[in-house]
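As structure tokens, the structure follows; a few thoughts come after it.
Labels A, B, C and D are assigned to the chains in the order they are written; within every chain, residues are numbered from 1.
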Amino acid sequence: MAQANLKATLHKVIFGTEPGAGRNFDIFLIIIILSSVAALFIDSIATVHQRYGDYLFAAEVLFTVLFTLEYIARIYCSPNRRAYIFSFYGLVDLLATIPTYLSIFIPGAQHLLVIRIFRVLRVFRVFKLFHYMSEANVLVRSLVSSRRKISVFLVSVLTLIVVFGALMYLIEGPQNGFTSLPRSMYWAIVTVTTVGYGDITPRTPLGQFIAAMAMITSYAIIAIPTGILSAELIQESQRSINNRQCDSCKKLGHEKESKYCRHCGEKLLPPQ
Amino acid sequence: MAQANLKATLHKVIFGTEPGAGRNFDIFLIIIILSSVAALFIDSIATVHQRYGDYLFAAEVLFTVLFTLEYIARIYCSPNRRAYIFSFYGLVDLLATIPTYLSIFIPGAQHLLVIRIFRVLRVFRVFKLFHYMSEANVLVRSLVSSRRKISVFLVSVLTLIVVFGALMYLIEGPQNGFTSLPRSMYWAIVTVTTVGYGDITPRTPLGQFIAAMAMITSYAIIAIPTGILSAELIQESQRSINNRQCDSCKKLGHEKESKYCRHCGEKLLPPQ
Amino acid sequence: MAQANLKATLHKVIFGTEPGAGRNFDIFLIIIILSSVAALFIDSIATVHQRYGDYLFAAEVLFTVLFTLEYIARIYCSPNRRAYIFSFYGLVDLLATIPTYLSIFIPGAQHLLVIRIFRVLRVFRVFKLFHYMSEANVLVRSLVSSRRKISVFLVSVLTLIVVFGALMYLIEGPQNGFTSLPRSMYWAIVTVTTVGYGDITPRTPLGQFIAAMAMITSYAIIAIPTGILSAELIQESQRSINNRQCDSCKKLGHEKESKYCRHCGEKLLPPQ
Amino acid sequence: MAQANLKATLHKVIFGTEPGAGRNFDIFLIIIILSSVAALFIDSIATVHQRYGDYLFAAEVLFTVLFTLEYIARIYCSPNRRAYIFSFYGLVDLLATIPTYLSIFIPGAQHLLVIRIFRVLRVFRVFKLFHYMSEANVLVRSLVSSRRKISVFLVSVLTLIVVFGALMYLIEGPQNGFTSLPRSMYWAIVTVTTVGYGDITPRTPLGQFIAAMAMITSYAIIAIPTGILSAELIQESQRSINNRQCDSCKKLGHEKESKYCRHCGEKLLPPQ
């Protein structure tokens, strides 16, 4: 009985997002997470590591112990333990502690702790940022419904990369930095995406001509994904206007900003 | 009485934009502002500073005295002094003089005078470029009404940057220029935004492969903000057409370019 | 008779895509193609070539013999041999074998074998990815119907490149890396497309000013192809909605996602 | 009389574009123009200049004499000489010859001959590529009608450049390559336009942080001109559909591709 009570209270505090103990716990947790990621970042700077490495290591051990205890508590008070352990949050919670233990055996493994940053995604749950989730859904839906066009685009880009990469390997050759086909492909990707590091550049006139062709082609091609997504997003927002219905007169077609039906003047439900 | 008169005249000259003294003062002011910024720019060139540094310093002192006097005069003749001092223009006017005084104590502070460039924004008020303001408002409104989508996009980009930055830190390591996690993040930002300086580049084959993945992902992702904004701007211009009403027949739906109602032929009011 | 039988069976296995022998043959073929391309890629790495070059050469000879036999079999069992030989697939099949034979006389020619990657396009036929083909058609149709706008854009970009390239050649000159007009054009293309290798950069203040002008112009100009394609794709998707007709009530205007007519409730045919 | 005849014949040959002498002259002219530009290009390569410089100089003199004679002939046979001399083509024709004469006094001036490339624009007139002109007009009209939005955008970008340039000058300073305010502005433009040469890069951690902010801001801002132009082009094409009228039933709203009225079946006039 007492144990059931403890479990229920713990569950409310740890999993709950209501104002009071539940929210305070979550805010405290987010501060801890951000501190642990910050510690990780500054510890990776050589000069900081030399001077404060011991303190930061101690902090890291402390954070890991805290997160491990929290993880055990979460499992303990879950009504459905299996569901929690294999949920996205459950896996991230686990992966946020393992690297410290791993680093005892494999030096350097603690850098994987960067995965802790994903724990911050809880912020969406805590502050009820569901509006943002619905906007994210619109973007994802647009990407999904244009997945075929995007695949066709990516296949075209890959073909371009393979063709230009192979051409440059033949023309420039190892003496100009194009030491292998994979490296030529790397050059082609750096060029076609307009990143242009300049670590590998064509040096023969013919190579520069071919590279210039690749750039102009990619210049025209970068328009394609933007055009695809613009068209999809416009369609999507048009659709949401067309499908919004007035509850009293049942007429369709209301803008997202509208608050009253433009046919009968009744109040509209907020858009989904 | 005489003082009240002086105040009113000064106010008309300094704050007014009517043709005559008011406008002439403003045009003169803008010329002075541009000269002072130009002086600042050329003084920052080492060879110019060596030869003409003294003259340019004298000019700077002169400009600062002029701006200080103008600032005092503005406060003096303002009907509501508090409102002026804490307005955007009031703060810029103050900040445009302080750095020179500061540079007596802190050498180099005079470079902050670049803030003077913002004083040029008065040009909008002087030449009544309100059309431009309304277009700027359309852009700002589009950005505001798509703020959630843009936030979702920025969070995705930041996640990408953190993930790819951490991965490259582990793979390439300090010996290839990825000396710390923050520096790896800097590399990731330079790459994902397609700036691509080439000051830090992957050197291991695996690092180049991961970098190529990051580039192709960012290539697809750059389409998202453009798509969002295109959709928003199209909606915005559609809405302004739908809501433009004829004053005589009350029918809606007139294009921005239309001058007469296409239903009853009456003259339309200009679009807002 | 036996020969006709053999021919028909071979045709069914080699050209067929039905489940069973036809599909298995195609899947096996795609695996072989990908293996041969992978061998080519890793053989181009110097250290791999030194150690495993002989094995990889043997593999390449084997792949070439297999592809040659397959090519002969395809010609043998084609009902219309001429049509096959001069089709896209026929030419790619031939070009996928020639470079190995060429490399006996011309060292290095075997790198042209990269053309084999195009044989993978059969994957579209095998897995009936026709949906993708129709999406590709939409993209191609959009590009074709905006070909004039894109030509106008490309001519403007080329003019920009010629003007800025020639200007920089005059201003910077050979001592700053702009050694010839073609090389200056190469610089202009690298800059205007925002690739920005940094292998040739302006060093004089005037050159940097002109380069900055070129960048800002190209920044505004990159918007043009995207705008063209977005407008075209939106039109295209609007058109496909407007032209979709219900078979029972004959009313037009059904969205791609709709499955039932929104006027009479009858089932709609899938969109073309 | 004979002179009037000569003038008329010359005018027909030189200015005419009809099949026969008029068109042949123009095609011959375009070949000459392209040859003279090609000569200019290859002459700028040092090794070519050393070996064939004399021949190419002779060719250039010949081209210049031809173009000068042509220019005189054009003036001679023009009905309205003033109009021709001050037209776009007249000025380009003159500027295409002057640099050679100038180069007698100012060595290097002959590189300005690159301006000859503009003479090729006659190709539009010769091959009646007026369709292209009308598409170019659509693009220009879209740019013009969104000129205010684009100005607002450019002012924002310039503000960003000034602010980030000045900040980096203060933070990085001359010891890290930011030797003057104009040079810092150059860096800011190279960064904000995502060109990213890498000739000047931030080296202090704070400078890299500020640079990263500049990149992410510019990443979001690049969406603005594209969005503006997409919206404008869509409006433009919508307008041309809405305004196309059937000549028999007078109903509006016909797509560019339509050949027959969708209301009465009569043939439509081609779209303007």
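The rule we apply is simple: a contact is a pair of C-beta atoms (placed from the backbone, for glycine too) under 8 Å apart; a residue touches a chain by one contact, two chains touch by 3 or more.
Not measured: the values here are computed from a predicted model.
Novice: Taking all residue numbers at the chain A to chain B contact, is the shared part over half or under half, that is, same or different?
Specialist: different
Novice: On a CA-centroid basis, which chain has its centre farthest from chain B's?
Specialist: Measuring from the centre of chain B, the most distant chain centre belongs to C.
Novice: Write down the chain pair in A-C, A-D or B-C that repeats the interface of C-D; the criterion is over half of the contact pairs matching by residue number.
Specialist: Answer for C-D: the repeating interface is A-C.
Novice: Averaging only over C-alpha atoms, locate the centres of chain A and chain D and give their separation in whole Å.
Specialist: 42
Novice: Taking each chain's centre as the mean position of its Cα atoms, how many Å separate chain B from chain D?
Specialist: 29
Novice: Please list all residues of chain C that touch 2 or more other chains.
Specialist: 182, 194-198, 222, 226, 228, 230, 234
Novice: Within their complex, state which residues of chain B touch chain A.
Specialist: Spelled out, the residues of chain B in touch with chain A are 148-149, 151-153, 159, 162-163, 166, 169-170, 174, 179-182, 191, 194-198, 201, 205, 208-209, 211-212, 215-216, 218-220, 222-224, 226-228, 230-231, 234-235, 239.
Novice: Touching residues of chain D toward chain A in the complex: what are they?
Specialist: These residues of chain D touch chain A: 194-198, 226, 230.
Novice: Which residues, counting only chain C, touch chain A once they are in their complex?
Specialist: Counting only chain C, the residues touching chain A are 40-42, 44-46, 108, 111-112, 114, 117-118, 131-132, 135-136, 138-139, 142, 150, 154, 157, 182-183, 185-186, 189-190, 193-199, 222, 225-226, 228-230, 232-234, 236-237, 255.
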